[in-house]
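What follows is a pair of complexes built around chain A, which joins chain B in one and chain C in the other.
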Partner chain A sequence: MADDKDVLRDVWFGRIPTCFTLNPDEVTEREAEPYYLLLPRVSYLPLVTDKVKKHFLKVMRTEDVEEIWFEHEGTPLKWHYPIGVLFDFHASNTVLPWSITVHFKNFPDVDLLHCPSNSVVEAHFMSSIKEADALKHKSQVVNDMQKKDHKQLWMGLQNDKFDQFWAMNRKLMEYPTEEGGFRYIPFRIYQTTSDRPFIQKLFRPVSTEGNPHTLFDLLKEMCPDALTKDGEEKRFQVVIHGIEPLLETPLQWLSEHLSHPDNFLHICIIPTPTD
Partner chain B sequence: TWGGFYVVGAYKMSDSAESPTETQKEEIHPPPDDSATNDDKKKIDVLLKAVGDTPIMKTKKWAVDKGRTVQSLAQFISRFLKLDATEQLFIYVNQSFAPSPDQEVGVLFDCFGSDGKLVLHYCKSQAWG
Partner chain C sequence: MSCGVLDEEEFSRCCQLLLHHSDSVGDGWSWEAVQSSDEGYLKKTVLRSVPADQSITQKHKESGSDSEQFDYCRFKTEEQGVNGSADSLRPDVEDEDDCVCRAPGGSSCSSVLQFEYHVLYSCSYRTPVLYFRASTLEGRSLTLEDVWNSVHPNYRLGLQSRPLDAITQQEHPFLGQAFFFLHPCRTEEFMKPLLQMTWDQNRPVNYVLSWLSVVGPMVGLDVSLDYVTLQQPTV
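Up next is the complex of A and B:
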């Protein structure tokens, strides 16, 4: 049986085989070959696509190049969402490799935030960690850290350094023993059937009677329609890091082990494939 | 005094909830009583606080649509304060983190609201990193 720490490594090193092709409407000096890359689930597109950008810039004239953006089957991909979440939500049940189209023009302001540099990604990432800690520890743990500790979390993510990241992140996963868990669980539930971006609300890991809440309990409270009723066919999959954890899994355990580096538990509710 | 948000594009603001002067697209409601559940209300109450030498809003309390984004709110504050288009505005929750510009204020209220309102600090420069 896998050790809990092995789960942390498996989550960190998860990869998605991806094929990047240039938008056929871009003006090029010659044909652009597709570019293949394994994308880290836990990272963000701007951090891992420098080589993709360089590859396609080779066939473009500088005057035709504006801010780069990515799209899958017509849907602009939000760079500020973790890559694994984008894949699970948009392309879970499609054939691998994941097809992403690269654009250098007509940036969709309505759908996407601009990302002029990696410092924007850093600011967003650190804000997410702070938001998560506001929920878990009333910000006490993250505020007790020094600036260099915050930097270590970011550098660990940016440079794909598991040990460097977790040396600091483990502090954010601690809680007073008598509490049984965090104050509230940082989570976001993404539903293909909803017009809202995601569900994020206050939810405790332990009930008032002292019983650990499970993934089932969370879903029952936040999106009961995602759950299969007795006798019904299973309409939805509940996906975290590309897998369907057992609904009986304690939420506190999921938060400690299956959160993204931003310390949020990102849960995708997608329709069960009908093949 | 209470103010209300209208549909994006045409901001019609009044300092007093009792005397809006132009045609409204939505009604301004008085502060809701405690018995109403948050899910039933489409608006949440926001209290805006200035940080440092950032100008203070004359009207600090606003009833904002739950689906309004942080970016939209920041643009509103900038326009209200007549800030330069090039000047950035930073918004903070709990004096600790800057929410994503596309985050809905309703979500922030649900998670970080207290005493029936969401307190947001705004600043022309980075205040809490």
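Up next is the complex of A and C:
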């Protein structure tokens, strides 16, 4: 379907207008101007913030610079989460542009993973892809790929090349027709109201009777409190790539079209804004 | 249990058995339940002493010839009688269970490190996964480099050549904090022949215990032989 391919493009090219400001407590030689940037939803902070780093390093002395980290309203941002997920979870109902504070000191090493180079990002990304395929295909598809195919997935993401990425990724989206879908759906649900960072469990795209499971079915099983009961006011929004898909949407379709490049469906449950 | 993997229920059962044995020998494992669910994980905290000038702050080259600088104070390698299957991961161990404190300049052990080990279940790979972190008593977290330096040099070479078995940083799925973990994608591969052998010999086996006895020593976690003699059938 031509429409479905458009969805893939819309997901890939989603952007978030962001304003980066230097933490006021950093020691600078002169005042640092904020830096504005459109961030790709499907990428990761370390991959797209070289210019941000360069911009702020211009006003700092090297001895005052340690590992860079980002924070929004006091919360350190986990660079290993896709940018769009961080935005939807922390800031979707705030005024644009998204405000991110840049730090070069006091790295919060209990909460954040270190990211000394892009190869660490690559390792995480590939690890997610492999885990997703373990769930979808018992790792058969990803293990049948060659090293250069894996590299193509990574390079496609790193260089923002939709066609290069999807030439390989489409293999990871196939399934035997008689199965009706993947073995299990790779997903993670993030809830602002939970201590747990996310929920990730086994869930099949098709019921034992052969009926396709929907987003509603998934939520009912994993976090029923997020769903609005009859007669109640809607307390939570279920957000994927910044939109609220209909709860009747088949999960298999969501997995094929609204997954991130890491092949996971990242679902944010956030409180409905009270205007 | 089938083909080198186990489901979550079996994982919980194996953990409970391990806990039972741990309690009887005072080995310090506990079960941490996850809020309002039957999910949970095993946890153990260990204090370890380290020579003052050990490479917490020094840079070490990753080569076998550095082993004379390596501190053996912290590790005992134990043979669990499953060499045949785990050979690909466990090299020939020459020095066994000698607690020898070798530090450059002959200085004595002086600082203490706290290691925390967590055994979680991965539903994606259907195997247990080992997460761990280490810090000084003052609360300074150890870096990946510090951790690499604390791995027995014989294991280190083996770990580095297979990147997906390597130790990397990862977010703890329940705590959301930074831990190190041993990637689980190869676990099925080494557990399969191990389990097959025990079935062929009609021996009882605790998957989690067997798995832990293979991966634990790589990161300084001892698994006492007492467990093997005390365990009951689970298959």
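Note that the second predicted complex is superposed on the first by the 273 of 275 C-alpha atoms of A that agree within 3 Å, B and C clash if a C-alpha of one lies under 4 Å from a C-alpha of the other, contacts with A are read in each partner's own complex, and residues count from 1 in each chain.
The definition used in the following text is that contacts are C-beta pairs under 8 Å (C-beta built on N, C-alpha and C of every residue); 3 or more make two chains touch, one makes a residue touch a chain.
None of the values given here were measured: they were computed from a predicted structure.
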*Look at where chain B and chain C land on chain A after superposing the complexes, then choose clash or fit.*
clash
_Which superposed partner A:V110 touches (first chain B, second chain C, both, neither)_ = second
*Shared contact residues on chain A - chain B and chain C*: 80, 113, 123, 127, 130-131, 134-135, 139, 196-197, 200-202
*asked:* Quick check: in the complex, which residue numbers of chain A touch chain B?
replied: 80, 113, 123-124, 126-128, 130-131, 134-135, 139, 142-143, 147, 150, 184, 196-197, 200-202
*Parts of chain C lying in touch with chain A, wherever the complex brings them together*: 34-35, 123-125, 141, 143-144, 163-164, 168-178, 183, 185
*Quick one: in the complex, what on chain A touches chain C?*
78, 80, 109-114, 120, 123, 127, 130-131, 134-135, 139, 186, 195-198, 200-202
*Which chain B residues qualify as touching chain A in the complex?*
67, 93-94, 96-102, 104, 107, 110-112, 129
